[in-house]
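One chain, chain A, links the two complexes that follow: it is found with chain B in the first and with chain C in the second.
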Partner chain A sequence: MRALEPWVEQPLMTFLTESEARLTLLMTSAGQVVAQHGFTRAVDIMSAAALGAAIVSSTEEMARVLGVRPFRALTHQGESHGIFLSAFETPRGRWIGLVVYGQDTSLGLVQLFFDRMVDELTQGVPAEGGTKQVLAQDFESELHSSLRALFGR
Partner chain B sequence: MTALYLESLEGLTRLRGVAGAMVVSADDGLVVAESLMEGIPGDAVAALAASLMRRMGTTVSAAGFSRPSFMHLQAARGALLVVPAGPDILLIAIGDRHINLGLARIEMLQAAEQLG
Partner chain C sequence: MSLVNFTAREITCKIVYYGPGRSGKTSNLQYIYGRVPQDRRGKMVSLATASDRTLFFDFLPIDLGSISGFTTKFQLYTVPGQVYYNATRKLVLQGADGVVFVADSQARRFDENMESLQNLQENLLAEGTDIRDMPLVYQYNKQDLPADLIMSPSELDDALNFRSVRSFSSDCLHGSGVFETLKGVSELVLQKLAAGAPA
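What follows is the complex of A and B.
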C-alpha cells in the first residue's frame, strides 16, 4: 500500500484489512491518484484512475439528466471479481474510491468498510495543506512524481 | 415476493425478544428486506453475518458435513441467529437477552422453508 499523504495510510490500511479488497485506488475527481494498493504497474494505475474518474463523471451527468441526486456508488459483479466505485466529499474536495474485490469477501463488506474509511478520512484530514491542484503544464512531471511515490521508486 | 419476505419478517419480530429480522443476499451481504428496531445498523449486521455464514459454510464443508442449516451466535447482551433460506438468501434475526431461542429457531426454520 502506498499513499501520497501519510494521513491517508491508516484509514486505507484498516479498510484493506477488514474488507479484504484486492486492489484499491483513491483519487481526486480529476483522476489524480492519492493512494493505491495492489497495483504493480504504473500504466495500470493511470488507466484505472482515468477510467474510474470518467465513469463517476458520466454517472453524475446521467443523474443530472434524470433529475435525481448523484449515485452514491456503482458496482459491477463479475464471475470472480467485483468492482466498487464510489465518490465522496472530503475537506480536500471530491475524491473517488475504486475497489476490486474477489470471492473471499462481499459487496456488503466492501461497502460497509468503505463507508467507515470515508468517515475516518473525513475526520482525519490535517488542517494545513491540501491536495495540490495540477496545472496542465505541470501535469506530466506531477504524474511521474506521483507514480514514483506510489511505487516507491 | 417482497410481500412474502415482509410477512415472514413481521412474524419473527412479533416474537418476544426479537429486536429485528432481515432477509439478506447470501453472496453480497446486502439487505433485501428488513424489519428492525431503531438504532440497529442493518447494513453492517447483514454484511458481517453473511460473511460469517460463508466462512462457517467453508469450515463445515471442510469438516465433511453439508452446509450449515442454523447458526446461533450468543453474545453477552443478545443473540444473532442466521438460517439459509435457499441457496441465495439468508434469514437473520437479532435478539436481545429476553429472546426465546427455541421458539425463534422453529419460526425461523419454518419461514426459511417458505422463502426457499
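What follows is the complex of A and C.
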C-alpha cells in the first residue's frame, strides 16, 4: 500500500482487510493519485486514476444534464471482477475511490466498508500547514538535464 | 492542481493539449509515446471513436526522473477538438497545471484556431481560472506544409499569442518541435510550482 499522506493509511488498511477488495485507488477529482493498494507500476496506477476520474466526472455531468442529483456510486459487474467507484467530499477537496473486487467478497460489503472508510477519512484529516518551498532555486538546470536525458535532446 | 507528496518526495502535474479538431494533439502524444523509454512511460490510453477521432481524451503518463530531489511525473492529456464535445473538454481541463495550445497552421483553419482559443478561455474561466494565470505555450503545427497554405509562426503569434508566451513551430507527425513544446510547458509548470505549494 502507498499513501500520499500517512493519515490515509489506517482507514485504507481497515477497508482492505474488512472488504477483501483486491485493488483500491483513492484519487482527487482531477485523477491525481492520493493512495493505492494492489497496483504494481506507478504509471499504470495513473492510467487507472485518469479513467476512474473521467467516468465519475462524465456521470456527474450526465446527472446535471438530466437535472437529477449526482449518482452516489457506480458499479460495473464483470464475470470474475467488479468495479466500484464513488466520489466523496473531504476537507482536502473532492476525492474518488476506485475499488476492484473479486468473487471472495460482494458489492454490498465493499460499499458498506467503503462508507466507513470515508467517515474515518473525513474525521481524521489533520489541519493543513502554510506554504512550503517545493523546489530548490536551481531546479531549472536539473529539469533541463532530466528532459535532455529523457528526450535525448 | 499539482500534487506534491513531501513524504515520498513526489510531484505529479497535469498538462493538457488543447486546440481545434485535427490540429495534431493526439499526434503529439503518439510521438512522445514512441520516443520515451518504456520504463519512463505508462500505457497510452486513448478513448477514441471508430475513426480514431478523440472522443473523451488521450492520456500518457511520463516519469521525468528526479528534480530537486522530487520524483517528478507528468500526466499528459488531450481534449477532443471537435466543437460539439465541449462538455468532455471541460472535464479534461479540470485540475490542469499547464496547457499546450496546438494550433493548425493552415490558413483555412484560422477561424477554428480562434474559436478553440476562445473556448479554452471560457472553459478555464468556468473553472475559476484566468487564462493569464495558467502556464501556457503555443505550438504551431503543420509548419512542414507548403508555405502558400500556412500562416508563418510570426503571423500566428500576432493573431493568437496575446500573452506573448513561448511558441513553438512543429511538424508533430515527424517530431519536429514536439519535445521542445513539452519542455517549454514543463518549465512553466515547475516554475509556478517552485514559487510554493501547500504543505
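Everything below uses one rule, namely that the second predicted complex is superposed on the first by the 128 of 153 C-alpha atoms of A that agree within 3 Å, B and C clash if a C-alpha of one lies under 4 Å from a C-alpha of the other, contacts with A are read in each partner's own complex, and residues count from 1 in each chain.
Keep this in mind: a contact is a pair of C-beta atoms (placed from the backbone, for glycine too) under 8 Å apart; a residue touches a chain by one contact, two chains touch by 3 or more.
Since the structure is predicted, the reported quantities are computational estimates derived from the model, not experimental observations.
Which of chain B and chain C touches more residues of chain A is settled by the count: it is C. Looking at the shared chain after the overlay, A:70 reaches neither chain B nor chain C. When the shared chain is aligned, no partner comes close enough to touch A:91: not chain B, not chain C. After overlaying the two complexes on the shared chain, residue contacts for A:108 are found with chain B alone; chain C is out of touch. Touch criterion not met for A:126: it reaches neither chain B nor chain C. No residue of chain A contacts both chain B in one complex and chain C in the other.
Of all residues in chain A, only 2, 4-6, 28-34, 41-44, 46-47, 50-51, 54, 57-58, 61, 65, 128-140, 142-144, 146-147, 149-153 touch chain C in the complex they form. By the touch rule above, chain C contacts chain A in their complex via residues 1, 3-8, 11-12, 14, 35-37, 40-43, 45, 47, 56-57, 59, 61-70, 72-73, 75, 77, 87-88, 90-92, 94-96, 179, 182-183, 186-187, 190-191, 193-194, 196-199. Chain B makes touch with chain A in their complex at residues 24-25, 27-30, 43-44, 46-48, 50-51, 54. By the touch criterion given at the top, residues 77, 105-109, 111-112 of chain A touch chain B in their complex.
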